[in-house]
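Lettered A, B and C in written order, each chain numbered from 1.
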Amino acid sequence: MLKATIDADIFREFIDAISALIPECRLHTDENGISTRAVDTANVAMIGLTLKKEAFDSFNATESQLGIDISKMKNIFGMAGKGDLISIELPDNAQKMSVSVHGYHYSITLLDTNTIRKDPSPPTINLPGKIVIAGEDFNNAMKAAAVISDKIALGINPKDQTFYLVAEGDTDHIRREFSKDELKSLTPVEARSLFSLDYLKDMGKVMAKAAEVEIFLGIDHPVRFSFDIAGGNGHVEYLLAPRIEAD
Amino acid sequence: MLKATIDADIFREFIDAISALIPECRLHTDENGISTRAVDTANVAMIGLTLKKEAFDSFNATESQLGIDISKMKNIFGMAGKGDLISIELPDNAQKMSVSVHGYHYSITLLDTNTIRKDPSPPTINLPGKIVIAGEDFNNAMKAAAVISDKIALGINPKDQTFYLVAEGDTDHIRREFSKDELKSLTPVEARSLFSLDYLKDMGKVMAKAAEVEIFLGIDHPVRFSFDIAGGNGHVEYLLAPRIEAD
Amino acid sequence: MLKATIDADIFREFIDAISALIPECRLHTDENGISTRAVDTANVAMIGLTLKKEAFDSFNATESQLGIDISKMKNIFGMAGKGDLISIELPDNAQKMSVSVHGYHYSITLLDTNTIRKDPSPPTINLPGKIVIAGEDFNNAMKAAAVISDKIALGINPKDQTFYLVAEGDTDHIRREFSKDELKSLTPVEARSLFSLDYLKDMGKVMAKAAEVEIFLGIDHPVRFSFDIAGGNGHVEYLLAPRIEAD
């Protein structure tokens, strides 16, 4: 059972953070809020999101799983205006979710959760390097690097106390170093891994709105991004596998 | 003979209302203004427009018929700026129309009116249900419905005194009810017909600028839209045939 | 050797003026600034640009030639924000240029100048007709004419003291006359030549920002455009061959 109302902008932020990586998901509801955890079809990126009941204007739910077509949600809520309230209602065991916004009433058929991949277990990896950076700075770096290449190395230089990004194209390269002054914080541990810019560009767009993004790095290890949405009442974790550095 | 000057924005409004449905038309001129009546190539929609001489800054015409390439007109007047005056001149029996705007002089070859379909006669159908609604509200409803489906039912519920719109997609549906408070007026007569959203979306864009649109409905009958343009000095009628409701 | 810093907007203006016609060029540097002269691949248009050292915040160069991929430069500097400073550095005989902007450091491989066509010699042609016009007026005329045709005649009528532009489409034509009042100056010498609008549209976009553009015309001869960029510290010359007037 789910019965909730939420500001359209906040719900859109939540949907956008998921749709950056996956077109459909298994949404968990319980008395504390909603959450999802999923892996993209290529098994390269993992996403974990929670939206606390405090992010909602009203929220009432029992423990349940819903199969959500995220792309469809994105199209529907793209129509909602600023300040609109979205009402969601789903009786026990119902196959259809009622959504109302600004006088419009939608009946949306849920996906069969059996057809959606099982929730991945969060891997236990040790990523000792940590940077905290403004989301917009990270997003701009991804856009600049994408002009030159389709992959980028993210690293920490513990001596200089810098967070660096290096992208090599066929003939050109780009390098950006963030000094400690440009960062919110930096743990001076040697780290460097190579990643696909295709994924980082999409993730960057979502992070652009976050004042602070925590980035966790290792050596030839995945990268983990952790940041708040919905004014602190929601949280996003992105995990991205490294690419093999070829010469 | 036609010799007239008109504000570029007003003339563009007139051209846009035609181009929403048909790429070329037979324009009638007489001492009172200009008008056209036409059916779209699929014989599904009919359009009737008049622009009174009061909509023009100056107007002088004898009774005549002109074959107009509406798409071409749209491209040409897309260039005109806000507040520009358009001068149109066509001597008796001329094949070319002179159009001047902001220092540019166009000579535009008219279409042979023999190649354009004869004017349709306005059908006499009784559509007892009537709603008056803000054009923008109707347009927004068409945009919302188009996300879910390619057809929509428009109807009147005389008991609730509501105007309702229902679109059914393969798995989802959307419903919007306008109560009497949200409408300018409603005639509480049972009505319901199904229409193609392809047409209604294009018509909706034109109606969006109208403060009031009259909508006439029956049961499995066409819908007729009637609204003013050019500050009340022009008028548009759209008639759209219903689709068969299939299960 | 080249070591210079320049405002991103000014450098973008320089790059845009080149990229309107050619995708790569041979850039000459000396102690006075940078310059290029090139012909487009179809041998129809010639371009000559100079950017004086006064356009730079700092400038230090020896005589040299650099092969520049203009399209790549356009992509890279499209990222630079308003007020950003670009630093360029190229040691003697280096194959890679270092470019820094807003914390980003690019290493860009130069093109082999042997693979770029030799600099054309500026032709000595006598073009007695001369008009000086606001760049925006000329650009607007190109956009209006392009709706009707893909070629345009530019001419001077010495009797009326007008600069005229005539484009003939298959069935329509457009004419624009600029009287002496609408021009900065006009030399009343008979002139008329036909040109491709494909080229003039692209050139027009660059000219749109120039307060004054000098246009030199003859009879069935090329047209030459001459205007300043970078607040007077840069200069552009475009030369365009005429098309044969066919009936």
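Observations on the structure shown:
Just so we're on the same page, a residue touches a chain if its C-beta (ideal position, glycine included) is under 8 Å from a C-beta of that chain, and two chains touch if they have at least 3 such contacts.
Here the structure is a predicted model, which means the values were calculated and not measured.
The angle of the rotation carrying chain A onto chain B, fitted on C-alpha atoms and rounded to the nearest 5, is 120°.
Counting the residue numbers used at the interface between chain B and chain C, under half appear in both copies, so the two copies meet with largely different residues. Centre-to-centre, using mean CA coordinates, chain B is 45 Å away from chain C. In chain C, no residue touches two or more other chains. Within the complex formed with chain A, the residues of chain B that make contact are 140-141, 143-144, 147-148, 171-178, 182. Residues of chain C touching chain A in their complex: 72, 75-76, 78-79, 103-109.
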